[in-house]
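Heads up, there are several structures right after this.
Shared chain: subunit A. Partners: subunit B in the first complex, subunit C in the second.
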Partner chain A sequence: MSSMTKVASLARPARRPPEPRLLGRRRTHYLYILPTTLLFVAFVLYPIVSVVAMSFFSKDSASAGTGPLANYQAVLTDPIFSTAVVNMAIWAVLTITIQMVVGGSLAYLIETHTRRTKAVLRTAFLIPMVTSVSVVAIVWQQFYAPMYGPLENLLKSIGVSMQGISLLGQPSTAIYAVIAVNIWMYTGFSMLLYIVGLHRISSEILDAAKADGATGLRLARHILIPMLAPTTKSLLLLGIIGTLQTFALVFLMTNGGPNHASDVFGTQIFRSAFRLNHMGYASALSSITLAIAFALTLLQLRVLHTGLSPTGGGNA
Partner chain B sequence: MAGTIPNAARRSAGHTSLRRRWFSRTTVVVLAAVAGLWLLPIIYMVDVSLRGPNDAFDPAIVLPSATLVNYQTIFHDNPLLGYFVNSIVVAGATTILVAVGSTLFAYALSILRVPVGRLIYAGILMTLMVPIAALVVPVTQELKGFGLLNTYAGLIGPYTALGIPFATVILVSVIDDLPLQVQEAAIVDGANSWRLLLDVVIPMVRPSIVFIMIWQFITSWNEFFLALTVMTDGEMKTLALIPQQYSGVYLSSPGALFAILALVAMPLILLYLLVQRWFVAGLLEGSVKG
Partner chain C sequence: MTSYRLKLVAAAAAAVLAVGACTGSSATTAPGSAASAAASAAASAAASAAASAAPSTTAACTSGTVTVWSWFVQSTMQKAVDAYQKAHPGVTVKYTYYNYDPEYLTALKAAAASNTLPDVIGLQPGSLTQQYRDQLAPIQDYAAKAWGSDWQKLLPAVDLQQMQLGNPAGDTNFYMLPHESQVLAIWYNKDIFAKYNLSVPTTLDQLIAVSKTLRANSVIPMYQGAAGSWQNENVFLQLANQVKSGVTDAVQQGKADWTDPAIVTAMKTWGDLFTDGVFQDGALGAQGYPTGAQLFASGKVGMVTFGSWWLQEAFLAPPQPDQVNDLKAFDYFLWPSIAPGTQPGAVVGGIDVGYGMTKNGAGNPCAFDFLASLLHGEAGQAALADVNNLPAFLDVKLPAGVGPNVTSLYNKFMAQLPSAVNQRWYSADVQQAVDDALQAVAAGQKTAEQAVADVAAAQKKVLGQ
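On to the complex of A and B.
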């Protein structure tokens, strides 16, 4: 049984076979789980319960009427909500697929074709991920800037003219400009997880495949892609969760603008709670976000039967 | 870390090996070029921070001239050291607490098999994917109620609680795979649960604990959303909040702004360069299993 199916099976305790308890039962053993349990209750469980309660009972000027679902009605009928849903769908599709394809290709090429440069190349693609998102946002704002930003200059040198367009300032391009930065930041993460996945494929299998003459695309299609499927599944779920919690890049680069064109749930939650003081609306949108996250977690544990570890998993 | 895959590639026999070696060389060159392009924004950031006021708006990525005048300006004008200390305290404390909390919990679950542990773990697993965006509102309200806004504890508590699930999942999977014989031998020798943890289990899972700590430090150092709503006092802000604060102040002086950006980014980039060996090793350790 692989480690990750083990993780998944822990969520279904009944199916786990009994194993010997090495040190017997002792009351003091509960002390080991105490700190984590207390923190979990204080900063995860209680906030979840309270935000769901607030979504039903907190009323403000944005609520649609006085019924228990007034805040949900306000959220669901808000045109910003549908814009955010569309933006996040675009965000998820583009970031997940591009980061997977580019990250996976980088992982394969780096692991199979480099030796002395391996550590340097791995690190180069991971540096954007360890750079503070607030730094990234401002650097890219200037990178994108018309007139003095380097991007326009770079594109001009390969014959593409931006004609003084501000990518972040136009409603039709703003979300894509931010998505590009997200891809730049996190492709290294996909690469890293695929590197782990590649190390899990035994060299005997690869040798056998190569002895049979499988190279290039055939090797990828028949050996690599199927065997990396657990990593791909994990990246898919992590990508969707990452999309749900997208906030900092959008907030800092466009603040959801121009005119809400690049809004996501995160920016709308922040604005309604901390700028407009619409706590009911913000709680309802938070609860919707939570519900989607829970649904995905259940889907992953029960249907996809993969673990939740970001390192992927499954049988090698 | 000698990978297993290159060996497989190298072992291929005969006349194809020359062609393959040539292909590998070309691949390295292409990868290096892509990596260079990938790092352009970082290079640009450092270069702008080294420009004098007349060159700051030049669209070139790199200019030949360099001056440290921006760094003098920002150090002279701002209490940057204070923000740095805030980030160290918050990220450092969170990292230690996550490592301790998740190790104790994973040990209790995998080896001691504490009865309610499995139930709590199922709860933790369910919330592993909870996005911070959904918790910002209630956590900020809760902290306000406890008087913890603008305190270190106000960030350390939630960061630790949100970091432990991920760390626990990794440690449980690693500890589950430890050989039972070693633990049994220690118990026969009279080890109690505490000694078994300290002398046997922790040394065996050390690479994974190191990985968890590096990951947690990076995550806490860079976290933005909760820090924005919890640390509203100027003095308590962490480094992640500083660039936004100064982007207005230094609007007409990108050189100074980018010097601040470089100063915020560099500690973590340098730290990562130092620890990347253990980071990748810990990740591989925690997952390479048959």
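On to the complex of A and C.
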């Protein structure tokens, strides 16, 4: 070998052995997430795919024909589906907005106007959220009972008579009666997130705003609400997903009645799958629910630039 | 993402989709037309004829484990299990209690899909049994071996009818056996009636008058949990079969139409029970259990449309109101006459709870051994003192030690059971249509005629007409 070749060969770094073809050098990294991935595939992805497949291929007496879209046609032409869509829209609008307004107000009042009772009040408003939904349903059914319930007696004491009307037993009021219970139950969650959000606001900003004379509604409008926007967006995202998952409270309080007046997707799916054995119909409705959730989530992430942190972190 | 990784992810996704599609395409389908029903019936008959040969195992039960799922009262079932295990020291019975709706229904569905059903499952006749017929072993030969070839004579006619309810044409197998029977009725508080000088009503007008008196004295007249469906169905069945006995069976078999005047009369009367003040205000938002039962037991309600299972109230764990002891303050009557020419009634009832042996259990010699003991043996006898309901087997006697009033009521119900009309539904779709109709009429959303027309349409679809 010539000296030039020797020098050249010395200058050129030795070739590395070829990298393993499978997954590269990060093979061990993937091994760490493999267990979770397997669990996700087994208990989340596979059931979803299975349900979507059943929605196309499983036919029963509820299916509108024999084609692959027969179950979807049955769902979309079912008057009960339309009722459920309207109910869920009402549910989303009322629960999300009222919980935000009340929860946010409670958070501000507790954090700024209380000291010794702060922990007690925080806990008190969180208790409904951690109470068993079965207990809540039974208690509120008694509360609403027209002949002997506390609500009737309460209204009588201020001169209002329910005249034997049951809020849960009237098709026009049943869903609103359950929505009221849901608001009572989960306003504490909104309050909790707003408390966290308030604590993330720099005290210097608040002090400066107050020094400029911003108090009360002006402070709320120009400082607090804009700075709590990430929390609000997160609550909106979680609220819509929570609405689509609604089942237990409606099932226990009204079973979707009277005569489907308070039906939501959850009660309709349960009834179709487990009482009527219409698995194709139930799978189609489940798939539609999933698609709606997916689309709304994407929309929110894009339009609102919502972060996924429950504390309101991420992109504002 | 590198091309290797992209291919890997794509391959994984394709595999999952393929597996899911295979699962979806193998899902069972229910026949929706007469033609496919006939084809499936022929297949069922052939399969069941082959399957109903001698029991798959003739091995004696000496040791092993039997798994049982049901919604049957856990404390009562435990007495039965303890008695059986004492008589069969090598056998362990594992009973899992579920709340019927929704826990039991969902657990059953999931276990059936994964072929992990236990040996014995609790069933109601009709649609619930038919849903799982493919996973159940025909049971008549086991019954014949245990109780003799004429074992069917031990059961009331309505139970025998219900045991095969919904079987495809040509399938004469029995897939379930009854454990307890029941008769529907109107229970009333004798003390409250005596306090306000009320007599048992025998006509609808008398019932309305009694209800008015009770309301005037701040007593709930007749508590109806109309938010749930079962109590509504029970009332409707009694009314319809009072006007024309057997009409609800006839319409479900396609031998009559839901627009029959007897059905319309029953539906109209049902609606009037709300507007005439017989049922309490807000009944559509109320539940029979636990609220109705508790209010009735505590003396706040004059009447309630329950059935013979309410005898168990006398044996629930304390504390109980004093009037519940031996049910001394309570009695029952059949529905007052609602139309000219009708008599109070009808006696409606049948199987309250039964059991089926799954194909998993057919290979376990102890499975039917326990079941036979529970239904008509030492296990069932041990639990009889709880008087959970009426026994299905007519030769089963109440043990000594049960109070005189409960014994009297029990004997009265047992005397009526042999003449009971079927209370169960052939099809879950028709049952749902009836539930919707009853609530629509109760809420004033539909007239009786409109409501029965909707049920008629659902019935026609089920019958493939």
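We adopt the following convention: the second predicted complex is superposed on the first by the 278 of 316 C-alpha atoms of A that agree within 3 Å, B and C clash if a C-alpha of one lies under 4 Å from a C-alpha of the other, contacts with A are read in each partner's own complex, and residues count from 1 in each chain.
Here is the rule we use: a contact is a pair of C-beta atoms (placed from the backbone, for glycine too) under 8 Å apart; a residue touches a chain by one contact, two chains touch by 3 or more.
Just so it is clear, the structure is predicted and the values come from calculations on it, not from any experiment.
Once subunit A is used to superpose the two complexes, subunit B occupies space that clashes with subunit C. With both structures placed on the common chain, the touch criterion links A:V86 to neither subunit B nor subunit C.
Which of subunit B and subunit C touches more residues of subunit A is settled by the count: it is B. By the document's definition of touching, both partners, subunit B and subunit C, reach A:L45. When the shared chain is aligned, no partner comes close enough to touch A:L155: not subunit B, not subunit C. Of the two partner chains placed by the overlay, only subunit B lies in contact with A:I33; subunit C stays clear of it. By the document's definition of touching, both partners, subunit B and subunit C, reach A:M54. Contacts of A:H199 after superposition: subunit B is touched, whereas subunit C is not reached. Within the superposed three-chain model, A:Q142 lies in touch with subunit B and with subunit C [touch as defined at top].
Shared-chain residue A:V101: touches no atom of subunit B or subunit C. When both complexes are overlaid on chain A, the residue A:A273 reaches subunit B and subunit C alike. Only one of the stretches 38-46, 74-82 or 92-100 in subunit C has C-alpha atoms clashing with subunit B after the fit on chain A, and that stretch is 92-100. Common to the subunit B-facing and subunit C-facing surfaces of subunit A are residues 21-23, 45-46, 50, 54, 138, 142, 147-148, 251, 270, 273-274, 279. On subunit B, the positions that touch subunit A within their shared complex are 1, 3-9, 11-12, 23-24, 27-28, 31-32, 34-35, 38-42, 44-45, 48, 57-61, 97, 100-102, 104-105, 107-109, 111-142, 157-158, 160-162, 164-166, 168-170, 172-174, 176-177, 180, 183-184, 187, 192-193, 196, 218, 221-222, 224-225, 228-229, 239-244, 247, 254, 257-258, 261, 264-265, 268-269, 271-273, 276-277, 280, 283-284, 286-290. Across the complex, subunit A is touched by residues 2, 4-5, 8, 12, 16-17, 19-21, 23-25, 27-30, 32, 102, 105-106, 109, 127, 131, 220, 226-229, 280-287, 290-291, 300, 428-429, 432, 436, 439-440, 442-443, 445, 461-462 of subunit C.
Touching subunit C in their complex are the following residues of subunit A: 21-24, 41, 45-46, 49-50, 52-63, 138, 141-142, 144-148, 164-171, 174, 251, 254-255, 257-261, 270-271, 273-277, 279-280. Contact residues on subunit A toward subunit B in their complex (touch as defined above): 2-4, 6-7, 10-11, 13, 19-23, 25-26, 28-30, 32-33, 35-37, 39-40, 42-48, 50-51, 54, 106, 109-115, 117-140, 142-143, 147-150, 152-154, 184, 192, 195-196, 198-203, 206-207, 210, 237, 241, 244-248, 251-252, 265-266, 269-270, 273-274, 279, 282-283, 286-287, 289-290, 293-294, 296-298, 301, 307-313, 316.
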